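Note that the chains take the letters A, B, C and D in the order they are written out, and that residue 1 is the start of every chain.
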């Protein structure tokens, strides 16, 4: 039994108001500590609000910003994930999620996948991160940080889990939409997220901690519905839709070991095969290799073995 | 395709929404818009129709009826039944209301009883559409004046169907500080109106811009709202091609006509273009949220 | 910092533009906007001030004066000098013009001579700002009605300075089909006005919204246009921080005040937000150019 | 003497009207042929207009589109560069520039650098290309295609020249702006472009052919000012600003050889060194190597030899 109380800080940040949001984060950290939490997770851009546009450069912080250090100082005997706009030395702006532990900034994940389609325009204002890494934590397990859209690419949870994460943390600012979709929550977005988080927890046999904001930026209403999913893919606890608050989930970290013995999917991963196929795809896209999936007559490409196909020359 | 038929109207199955979630989202939206702008009250023009009636209920649900002012702005030829319907909404909600007869302003321009107004003798013969557009703009001007005296933001009451096909007056009924129902098709407005308790008479009656006696939207447009809503939903929300919606059973001539209406109304949904000349231009490469620290009324 | 001083006004050096290029860009913009919308003519409200005067000259240069209608819309207390200046522009350009006295419409709402109008007795005491906003909106409504009879698009006449600080009436003077000078600061408007030959009297006089006799923009705002334009240029176009512009010699209190004005006016430069509810919402994830095949008036 | 007449088709496309633009391209090809041109260059997205937004998917063409084949058919004994929205088999949309020669589609360049900042929002609607390749042409020299923003990254002209291009073709839809900039053309954008094209021509000792559109899309007025620059960096011929038309430039392709003998910059390029440094940068950004530029105390990083720095461990 390795019990851990996780606090989901499902808050509504004030758009562009860094000072107010910093104060609110500090207050919630104190409240969560009093509530017995060992890990507190805040949503994507909880310190700044989401729809910043040109405000992004005005609320950005360097990693040595004293305001971050002050916030980190409130994490004695506590782990917290907070999210903000990070400015690098060469003046790129990133959507960052940081792991704060025991008073220190332990690790920073820069959002890798910036959605720039439909209602999202992140690439216009932000640079993409270049790294996906799990990090050891004071909780005794590896933690993998991801931000919102990072989880809409299958490679993210897979790489983080293979890199040693046993808790996958996704912090999000997911706007509610598609009210007409027929599903149990009455909101297309929420249903999609719930499906994929259960899939990731089960396939990586890890805990998935999802913290999504609430409140309104411009036209968008963020739907909350933060959740903790166990390594079997079953829900541990979920926060309500659209309601602000601090919501708790009690987990037994030993569930990870039990599930990984029972369902050894990670043991059976094939990193070499997968990396080789990625290299092939990259070479093909760069025109350095013939297309082994035979774009024009795809049936062959999907059916025959790769070496046979390559001997045949593909599409050329 | 099965239609999901309620007692009062036809609700196409694919358009049905979770009204509980919709009310939560809309209430949070209304409160958020007011708070970010530094306002506590709201004002809207109540016509007696379902759109403004629904918005009145939504605003009352979000911030309390005591913070809502409904302004009734009839012209002398406006339907008395519409006014009675509007008054019933005010009575049921218990919100504040004002009556502003816009006739002197409208007649001051178009003239009346054969006596020319500011618009000159030609304007005496202005057709109903010109009159209707001027009235919509006069109502906007009145509403914005009332927004000062009531110290409340103007809430928009246009729905998605009319916005997409351009059945609105630019800078008239489409003008507002924010719009809680602009992403709901008429059929969804009806569904939500039933859920929140808008008077049945308002839900049942045929939608009309009330430009002349007996006018209804559907007779003028030549197709029904459930039909039009479904077409727009498949064409726009679900990105179906013309051929694909025709294969679903829509009439090709109607599809093409609606496509032209949607394309022709694009300008009504956007800010007017400014010739780009300088290094940084609002809306082009100067992009800020509508409300940010320092932007609320203090 | 050296100021580039012309005979008629102060033109800050960093704001000086190539007026030849500006006229080419603006003429192409005006022609392009009309063509794409399927129109050949234009209409604008001519106040007698420099902004609308310049736009009249620019439109005449782009499409010929014979395709331009200038509408003069005085209220009974408007300055006769302004009207004379507007008439001089019309005379020099040789374009069509119309005079619409908006007094009956405005008085129809606010009342006059102690007799209440549609706005009720309270409105008799409405301060100048409320009156000015209603007048701006009434003028918009008149202009859009004239746009139907003239078969021309409404051309905007607001400049970048007033748009940034919010010295405009939403859905009033800022309402238009397109705006050729919205990216030019007031100082640049003056430079271009000299280049294109706007009458000197119009360029020389102090800018005023004409809300009351003797009102001028600069006395009301408390700073001069060249000073304000330079500050906006460095803060916004050149992305200088507050500390950086203070180091350039601007007064910190003025900088902070102007910053608040710009932030507070953000909503005037954008379309009203619609609560996002459906899969695809205009302006959010349904994004089309204002004009596309099928969208021109046919 | 290897004379070539280049026609710059500085046109104003109709936004979203593929049929009208195809017809106009066909007509101008005929006119240019009659005028003695051997190479005709059309602007970026000349077949569709620039500010497409969601229209992009409605005007896209597969490379086997019969309308492209018809256009190509009009290039007997002629080379032409045209630009359009390409849809790939997996439904990505690219801003493409194609070399048409002798009736065939010879080569397609997919815009690599999609500006998504300020007034540009290309990444929201388009996928970036994965390749930069020079291509042999019927003109007897290599041609390197690039689209607008591709030229705002120094590596583009350099790679194309090293790959064998002797004519660098940039097709653009550059919106005019920054009227207040003090320079000889009265337009900040135009002055920047002119500077960089002269630099590229001189440093790659190649011809640079720049075709920029005119006309208006929404708020944007495109400024034209198409140019042909010789391999010494000197202007051969330029089209006027903002005016639509077919403008000719007569060049002697033998100038490339003369200039490359005189100023052997390409001979002196150091591909191995440059590639090695790129690999180092990539590894550093991915956290796989210590930062040799010592972000915190940058002075050391810029002054000392790489191996000394690396031995010292950099920032760690």
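Please note the rule applied: contacts are C-beta pairs under 8 Å (C-beta built on N, C-alpha and C of every residue); 3 or more make two chains touch, one makes a residue touch a chain.
Remember, it's a predicted structure, so these values are computed and weren't measured experimentally.
Centroid analysis (C-alpha atoms only) places B farthest from chain D. The centroid of the Cα atoms in chain C and the matching centroid in chain D are 39 Å apart. Centre-to-centre separation between chain A and chain D, using Cα means, comes to 37 Å.
The centroid of the Cα atoms in chain B and the matching centroid in chain D are 47 Å apart. Mean C-alpha positions place chain B and chain C at a centre distance of 27 Å.
For chain A, residues touching at least two other chains, in rising order: 176, 179-180, 218, 221.
For chain B, the set of residues touching two or more other chains reads 17, 22, 25, 29, 33, 237, 273-281, 283, 286, 288-293.
Taken together, the touching pairs cover every possible pairing of the chains. Those residues of chain C that touch chain A in the complex are listed here as 273-281, 283-285. Only residues 17, 22, 25-26, 29, 33, 37, 98, 100-105, 107-109, 117-120, 122-123, 126, 130, 133-134, 137-138, 140-142, 144-145, 148-149, 156, 160, 163-164, 170-172, 175-185, 236-239, 259-260, 263-264, 266-267, 269-283, 286, 288-297 of chain B touch chain C when the two sit together in their complex.
Residue ranges of chain A in contact with chain B, taken from their complex: 14-17, 51-55, 176, 179-180, 182, 185-187, 214-218, 221, 223, 241-242. Of all the residues in chain B, the ones that touch chain A in their complex are 14-18, 20-22, 24-25, 28-29, 31-33, 36, 188, 233, 237, 286-293. Of all the residues in chain A, the ones that touch chain D in their complex are 89, 116-117, 121, 123-125, 130-131, 133, 285-287, 295.
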